[in-house]
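Next come two complexes, and both contain chain A; in the first it sits with chain B, in the second with chain C.
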Partner chain A sequence: MRTFYIFIKYFFITIWSMFVIAPFLWALSTSFKDFNSVTGGAKYIPWLQFEPSLEGWSVLIRSQGKGGVNIIEPYFNSVFVTCSASLLSIIFGTLAAYALSRFTFKAGFIRNNDITFFFISQRIMPPIVLSIPFFLMLGFLGLLDSLLGLILVYMVLLMPIAVWIMVDFFNRVPKEIDETALIDGCNPFEAFFKVVLPNSIPGLIVAGLFCIIFGWIDFFFAFILTFTKVQLLPVAIVALNSSVTPWWSLSASALVSVAPLIIVAFIVERYLSKGNLSGALK
Partner chain B sequence: MNLITKNLSFKHENEYYLNDISLEFKVGNLYTLLGRTLSGKTSFLKTIAGLQPLDSGQITFEGKDFNSIPVWKRNVAMVYQQFINYPHLTVFDNIAFPLKQRKMKSSDIKNEVSSAIQKVGLQGFEKRKIQELSGGQQQRVALARSLAKKAKILLLDEPLVNLDYKLREDLRNEFKNIFSDDLSSQSILIYASTDPMEAMQLNGNIIVIDEGKILQHDTAKEVFENPSNIKVAEITNEPAMNIVNGSVESNKIILNQNIQIDLPDHLKKIESGKYFFGLRASDIVLDDSGFQFVVDLAEISGSETFLHLHQDNLKLVSLINEVKNFNNRDKVKVKIMSENLYVFDEKGNLIFSPFKYK
Partner chain C sequence: MNFRHKFAFLLPGLVVLIGILIFPIGFMIRLSLSSWDTFYPGLDFIGIDNYIRLFTDDSRFWESFFRLSFLSITTVSLQYIIGFSLALMVWRDIIFKRFFRVLFLIPMMTTPVIMTVIWRTFFHESLGPVNDVLSIFGVAPPWLTNEHLAKVTIIIVEVWQWTPFMFLLLLAGLLSLPKEPFLAASVDGAGPIRKFIYVTFPLMAPISIGAIIIRLIEASKIMDTVYVLTSGGPGTSTETSSYYIFVKGLREFQFGYSAALSFTYLIIMIISLTIISKFLVKLLIKK
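And then the complex of A and B:
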């Protein structure tokens, strides 16, 4: 029975892993193909089924004059915009979440839960609904087609995620810990920074990870709010498409674009399992 | 030099958490706040600490207005029922936290922390993380932190209630030793508890609280001997004191049509009329010459047996100091020790007690 259970477990894990990894392998294999290898039926294994070529990858680093595409600048733009927006979202989102979790706000019929809901309601609307006001506002501020404008917009989109995750997290940190910190001579700010925050690292990491993922993969706003001066990676990748779809360079750039997320996930995973709040309350 | 609370009230959604509490706490004394769960004990302690808002009322300590001093400047210490520590710090840093916050010299901190650790018996655990300790040890850390602070006011909110039986007994016995220095060094210790046994054992002043109201404030002996009303009698006895609605007619106490008792000496002056009679469970004893009752339920607890008895509409709980097996519906004969009867008037106030009569 036990061996059967182990067998079932590994069977499904294997299936699932294949399901997750297969697209990456396929993209990897495609990135080394040329026009003939892509169009000439299903081929997967280099050297055996097709002759690998470096065309897909070299396009990414070749200068535009020699038929290359520039994804290096959009890459760094994306890193800069995503990191700044995520960092700001986490800072402000965490402060907002702490306030919503610990203090009572009243304004007419509005209570803490309503405010939390207002934050997340930003994400309920389809992005297209938000795009027009964003476009008009950024136009008014003269921030269209600029990194700063994108950072502001992404902050609006990412902060709800940070608030939502952190409110839930803080609600599970016993209030008595803050109270003990106050009794032990901390003012409310010290209580937050010296006691609550160090115990909230797992929550911060989860919130940060979600912000980075959602910021990094967004295509829609990056596409609508930029024209020529500033380009983000998802837009640059889509721009690779021409009359003949260059599957090899699309695959290569797709792999390049997910690489940072994979690295972040690997680093973060270790911290997630390490720090926990068990023992705070029994 | 005393802590004085005047007319403290706090109401939330039409329910009194604190109802007009006026008390005076003298330094160097131990006070036990005795009440059932949700009676307002924690609210009161939090008010003293400054964590709970007040609708009205005044707290003064050492002549200073406490209301206007924020929590972090009040120099109180509090230990919660839950084991509250700082999970990201080691045992040493947990205990040192309030001292570091006070910007004490690190050599002084070391001395204070190690003496606190010594007192609660956690030597050798200094470098452990909180999660690596058992519940009892976690609560010892919290106690040590409150000791190391040398606070003027020590608030203990049912600190032992979440511990298992054996540990609770151990810590309770150590308790007075642990805090003896603080008591002699002019602090006020307020200990909240639901357990009358614990309150009697600590043997300080007892403050009985119910629904946010102070019912009685006296020494442990006085509260035990002369509970001021029925509520106090119920709260301060485990199991709760039996309260029977009866009457006195022609020098007899009538509990129901079968049970009539001659007036004991301390009730000779009682007038005829309707009363509530109070009788501790330990004052109902098995005796073949007594009244016949039917056993509803027999619980064995440690070396004692609780008997839930009834006869017609009269229900009593008896506490027998030995382990005996009974079956439900068994018939037993019990004697009511009438010399230990309490008498309360129809409003529930004490008029006669075996120890004092008015």
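And then the complex of A and C:
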């Protein structure tokens, strides 16, 4: 019985691992192909089944005039928008989360929980519902097709995540810490910045990671709210898909764009194994 | 703690969020009462005509809504079952524990649209590896152009992409469980299956509910995958609500009508998610 269970367990894990890895291996193999080896049916192993070529990777660094694919600028745009929106969301989100966790708010029937729910419930909003008004609003403000406009919009996506994680986190930081600081003569701001915040680094990192993940993987708003001047990475890559589909450069650019977040997977795992995540995610 | 301080903490975030959101939502409601399209751009007032059209004369919207419900319930159930199994398997000792944990997390870190582009080549009818392998058995199913298989493909891609998120939430939950109930169960001589049914599962119920609801919320927005994988096709057979609103609003530029669709869709979403969470709480917490 016990051996059978272990057998099933490793069998299942192997199958799932193969399923997880398959598209990456396929993309890696495809990125070294050229026209002939793509159109000749599915092939997997370089040298053995097809002659590898560096065409797919070299178009990424070639200038656009020579038939290159411009993904370097979208790359920096994506990094900039994701990081600034995450940072702003964390700042506003953490302050609000601290207030919601420590003070009592009362306005009519509205209590702390209702305000927290208001923040978090913005995730329920389907992006499509906001897209047309956002489109017209940013057009009116002259922020369409600009980085600043995107950052504003992304804050709506990311602040709920920051508030959600930080409220839970602050609820578990003992209140005695700030009370002691207040008794020692700090005002609430000093107590927060000097005492509570340094004790909240794990929570801040987890919230930051989640903001970065969900900012980096968004496609829809970038797709609708930008056209030519500013392009984000996912949009640039999906645009490759619509033309005569050069699978090799498509695969190469896809791999380049998913690579940085795989590092995030390692950091998330570290926090998970240390047990810091368990509280932050409940 | 005086009045000034607590608002100094809360207000910046609240004001920014409301400031960004109040116009879009107000404007959407106003827009839904107008007939703004490419022929007559402008905010006229036509009362609830758009809503009448939506409820009496638009079976495509309701079909897309039922399709969305089917897709999200299927994908989330699969994600929950697979994610929970995976979490249980790497919870306790296993060789290469950390390696598997990282590996199982990776798909959720990748951009869905970009991976979907890869999946599209993966499921390509004549040049993709899936049909290459299946051709050994003499079949080459048209994954993206058959109306039933296209749904299966979307489900496979969604399960690949988002099972890791379920896995992450459930594993974090498992790791935070207290040890005493398990010790007590061992003392009573419970086997692994009984332990799971009577100890692990009940303890995990609140976390399970949370994870399922979060995933349902995110799954109800399925749109990127559909856009890249099938563009709603063949015909309208993989169109979800979001995608249909997108087609009406930003392809056919019927702003007024699509605002009415959006608003109705939002209300339906809020009501159904509330009902589902109440139902799940009843189902999973029996006491």
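The rule we apply is simple: the second predicted complex is superposed on the first by the 241 of 282 C-alpha atoms of A that agree within 3 Å, B and C clash if a C-alpha of one lies under 4 Å from a C-alpha of the other, contacts with A are read in each partner's own complex, and residues count from 1 in each chain.
The rule is short, and it goes like this: contacts are C-beta pairs under 8 Å (C-beta built on N, C-alpha and C of every residue); 3 or more make two chains touch, one makes a residue touch a chain.
Everything quoted here is computed from the prediction, not taken from an experiment.
Undergrad: Examine A:Asn199 and indicate which partner it touches, taking first as chain B and second as chain C; both and neither are also allowed.
TA: It touches chain B, and chain C stays clear.
Undergrad: With the two complexes superposed on chain A, say which partner A:Phe220 touches: chain B (first), chain C (second), both, or neither.
TA: second
Undergrad: Considering only the touch criterion stated at the top, classify A:Ile45 as touching first (chain B), second (chain C), both, or neither.
TA: In the superposed model, A:Ile45 contacts neither chain B nor chain C.
Undergrad: Please work out whether A:Ala107 is in contact with chain B alone, chain C alone, both, or neither, and reply first, second, both or neither.
TA: A:Ala107: touches no partner chain.
Undergrad: Would you check which partner chain A:Thr180 touches, where first means chain B only, second means chain C only, and both and neither mean what they say?
TA: A:Thr180 sits against chain B, while chain C stays out of touch.
Undergrad: In this superposed model, does chain C or chain B come into contact with more residues of chain A?
TA: More residues of chain A are touched by C.
Undergrad: Let me check the overlay on chain A: which residues of chain A are in contact with chain B and also with chain C?
TA: Residues 187, 277-282 of chain A touch both chain B and chain C.
Undergrad: Could you pull out which chain A residues touch chain B in their complex?
TA: By the definition above, chain A touches chain B via 174, 176-177, 179-187, 190, 195, 198-199, 276-282.
Undergrad: Could you list, by residue number, the parts of chain A that touch chain C in their complex?
TA: Checking each residue of chain A against chain C gives 5, 9, 12-13, 16-17, 19-23, 26-27, 30, 38-39, 41-42, 44, 92-93, 95-96, 98-100, 102-103, 105, 115, 119, 122-137, 152-153, 155-156, 159, 163, 187-189, 192, 213, 216-217, 219-220, 224, 233-234, 237-238, 240-241, 247, 250-251, 254, 257-258, 261-262, 264-266, 268-269, 272-273, 275, 277-282.
Undergrad: Show me the residue ranges of chain C that touch chain A in the complex, using the header's touch definition.
TA: These residues of chain C touch chain A: 1, 5-10, 12-14, 16-17, 20-21, 23-25, 27-28, 31, 82, 85-86, 89-90, 94, 98, 100-115, 117-122, 126-129, 131-132, 160, 168-169, 171-173, 175-176, 192, 207, 210, 217-218, 220-221, 223-224, 228, 241-242, 245-246, 249-250, 255, 258-259, 262-263, 265-266, 269-270, 273.
Undergrad: Considering only the defined contacts, which chain B positions touch chain A in the complex?
TA: Where chain B meets chain A, its residues are 46, 49-51, 70-74, 76-78, 80, 82-88, 97-98, 101-102, 129-133, 135, 138, 145, 149, 162.
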